[in-house]
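Shown below is the structure under consideration.
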């Protein structure tokens, strides 16, 4: 087995056919255009491979096998590194100038990474919902129309539980949420109330009427914001409107993990939530770098033949609607100062720590 | 002279006073917060130093001394590398979690790189106009109020010619624009007309009425777009509305350099225009990465006490209004297929090449 | 509190005194030289701050408090990100050309990051031993001679337990190493023996004498290699010669964690070992990039006045002697195929998993 | 034409066959191993494409067409960006652990990027000479033995003029080297003599005998170093020994361009020399990162079956012997303080500037 055979280089290195050359007007930079997009697709395949394996670990019938948490973290970290590379890769394509691009653009459909079947798959597997897409982006049959395999894979990805679904289900089971147990949410509600009351009291002690009014108004705004998470109906209507993602229960789990992340059992769950945000964040950075590159290549005011502007469309995918784990980004809104975090009961503390205490030994004392 | 004395490390390394420690509740991550921002400011100082030197080279009374073009390119390239570093640096600050941040946030004004006097200086020196800023960002006296020196520097930067002004003036003098000479603009107008006419003719030859109508409408859209640059009045009104930046003449120069960039005399001017776009692009990437980091830290829905949301404000600075060299990004809209680029006359060719021909020698034959 | 006051920018931004300017022959690039080194030093301070906090967590009198493992991982990850930034930062300084450097070099001592007191501190805190340094690098009094504070800090760092010492002590206590318990090392020895015997048997079955001889010789080499770790005396003599770092017991712990990293209790210890290697690896990459930059600036053949060549000296610090966690890099040598890894006994399995079983619940089932 | 057809994704995305899966023991990380190496090979192909085009521009029968200098610079800059990406890419592969690697390593030849035919091509096209390779690396037939096409391409690359050859020929024609003209080398020799004499005089004025002796010895060392470039015989013997690369004449050209880089005609030649160093430097950084990764995967002490250690071999390719443009790195050794740089005669000045003066106009006055 030679190196080249193992890597099937006869396929990889014979897949660069420049259309400009086919038309007998070779444009040097088309080669870069092809290779860059092929490198994207290679890495997309790797990302899908990792995401699928993470979904499989999450969705085993007996629940997440804890001995595989490390694998999940390692694979998500790897995706983060790959996405960083892809963000940097945009700069290489930027070395092609608009004038160069113009010379072979005509030979192509206005293809871009955003019309890649694999990119669509990544979005779906992560948990991008159809209804949150901009309308133009909801149906891709024009692009994938003839590629049955791609269409089938995309449809499958829309039916299967996404990573977001699986994480949601897992968050809902966060130990400590049971109302008849530690009842984290009951305690949280109570402490939010106390925090707001304290701020209201402080506002009332201000010297002037206008200061009092200003500070009270501020308290009301804060209360309104906390109500969006305390009141399940408001939360659900936000989910309906696409402004929030997780179920109410899952959001509770995420807040709880954030508060008690230093307890051994929550260490890795917390690392996991951070990695999910990193992935969302890097995908949006990649979109942004891509948008800037497109602006350079075709301008922000250019009107495609009979269609919307490519640039304007791409820009629209930068909105928060395209963030799968939006709720994690907004979690900071619902945090409490350390003194207001409900203290763990000793039984809860031991539940989150049992592995050290139960066997009467410290692991590395 | 010791290494530490030369670098004045007694200043640099004794400037980290954690307010949380002053309040006897030290928060580990405040140290990172301070150091990261200080590193930003150090590099901002270097960027200002380079930009000021580039402006000085551009604004010498006898016009740009050509023997310093290389220095200009080198210094702009250096700024590009520094900005790339600053974009990456954001990820380091992201290792601080919202819960950590919450613990010392109260001690600070909501200070951020966007309220840095030096960052404001960089924007002004590049050529950010006050009227293009979002209103909230137009006056900074609340932030710089007590820092007389900073205020004076900022005011000075608003009065002095910005880099954009100097580049504009330089572009206006692009050889070949003279109406009684090569008359680039006359030729360009003419060829745009021919291009549009050809497309109209092709449209008329379509078989069905609906195809004809569709294609003609497309031609009209294209014409409308070219009119925004061919008609000086439309151009000027776009400048008024903040949608375009350069004077009409300067824009002509930029288009001309783009077309004939391979002529030796336009090589470095073309590299210069590319570097200006790179700088604009990287500043906007930095803003974007910063916005995502702020979203993580304080959430996108958080309402500051009595003010607009930090996140929403920062997001607004991502718009095209904040691109100083917007016209260069949109240049691609006005390019022509190679066959429509006006051919150089032999005298123009030699003007852009004289250094090789005039002395009857090829430099490296 | 203004942004600039909080960051003490009056110190940070007034610490750039160009010696070339003092001598009335200002060299533009000296500003970059100063700022780049100051940025290094700022980040060095942050690295030291993080390393010291990690050492404190490791060295608490009651042993490592497990609820702080997450903090240790987060801080080491942060150091990794900072080091990546410093590696990239070298490219900025490379935009200075040798001719530029030559113009102000004369004003400086041949100061470099390698003569920085903080860099020396980082090496010592990590666990770089004096006897592994190249001789020229063992004593720094010539450089720090007048800076009492720096000298005191460096001496303190040589006396205190380094991170490597603390990690070593912690590895020695890896659960499962007890000879009267799981006795990992006994089992490991036994399985290495079986593996080698199997290979010897396979060698004996080869058809020709020369094949047999070749394969047997290969087995002997392997045995000799395993002996370096199985035989404590050989191991200790390698430590004496600076070719190995950890105590014999600690090395056993590292191998054990590597084998059973998927057991929940070993997840984070395994992440920790990986981060230590990342740090070592990035420091050596930084050294290498620095060496290449120095070669550009002063050449590889240049002889300093009356001294050894800067380039040659720097190159020597690239050897394995300068890797603090060398043993972790070489761990792969002592790994066994999966089928030869000693299976966990059920009691050992439960010890590494107790937190799930003991309370009769799966955390997220 | 669909996006996927254009990119021939059916080839690219169906070329990942995991041998571990073929053997019914799928190892998750083998997928990453394959994809990473395929991404390397894709980019190698792009680098070869760019290098070949640059060689073609250099080797046109009428000498380098100056109107294509910009293209050369753009393409070399692009290679620099690609190489930076490849350096970062190593970190992705490092997320695979040795234990994972061990599980499928047995299925492969010990293939690595260093045994890639394309990488060998890149080295040869740049100008890596066979005699400078370590012996083990001189013949590749064992690896490429069955791949006729690869072998033919490599043999061709050994016969054809390399980029280093073409650059060398081009440097030899640097205007100003003519002995009967500006005679740069005559002037340089003279000024080196004056510089050394001045230092000798200064040495003689020292107060004590020992100071005098020390300083004089230093002068002698400097003289010896300059002799290696002033004396053509010494230079040639260094070339023989593989310690220097360029012909004597080409080295003169490189020094001249470095001194007068600010003259318009030398701007781009100077940018070119810098880019060549960047490429050399990044390839060596990539080698280094690769070496560290291999050390992690298989250890530095591991002995391959019947062969030399992979790690030790790879380390040997880090030596200066593997730098194609070594002379450019060492150029700084032969620079002179600004006051010793021979002033341009007015005719030479005008030759390097004619394009501005001859037409009696400043380009952008």
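A, B, C and D label the chains in the order they appear, each numbered from 1.
What we mean here is this: a residue touches a chain if its C-beta (ideal position, glycine included) is under 8 Å from a C-beta of that chain, and two chains touch if they have at least 3 such contacts.
Quick caveat, the model's predicted, so the values are computed rather than measured.
Visitor: Return the chains common to the contact lists of chain A and chain B.
Guide: Common neighbours, chain A/chain B: C, D.
Visitor: Between chain pairs B-C and C-D, which one is joined by a greater number of C-beta pairs in contact?
Guide: Most C-beta pairs in contact, of the two: B-C.
Visitor: From the centre of chain D, which other chain's Cα mean sits the farthest off?
Guide: A
Visitor: Report, in whole Å, the distance between the mean C-alpha point of chain A and the mean C-alpha point of chain C.
Guide: One centre to the other, that is 33 Å.
Visitor: Cα centroid separation between chain B and chain C, in whole Å?
Guide: Inter-chain centre distance comes to 41 Å.
Visitor: Counting only Cα atoms for the centres, state how far chain C is from chain D in Å.
Guide: Chain centres of chain C and chain D, defined by C-alpha means, are spaced 30 Å apart.
Visitor: Send over the residues of chain A in touch with two or more other chains.
Guide: Chain A, residues with two or more chain partners: 71, 261.
Visitor: Okay, in this complex, where on chain A does chain C touch?
Guide: 62-64, 66-71, 73, 170, 173-175, 261-265, 267-268, 270-271, 351, 353-356, 358-359, 361-365
Visitor: Touching residues of chain C toward chain D in the complex: what are they?
Guide: 97-99, 101-103, 214, 218, 221-222, 225, 258-259, 261, 274, 277, 281, 284-285, 288-289, 292, 295-303, 305-306, 320, 329-333, 335, 337-338
Visitor: Given the complex with chain A, which residues does chain D contribute to the contact?
Guide: 1-4, 6-9, 11-17, 19, 28, 31-32, 34-35, 37-39, 41-43, 45-46, 49, 53, 71, 74, 77-78, 81-82, 84-85, 88-89, 91-92, 95, 107-109, 111-112, 115-118, 143-144, 146-147, 150
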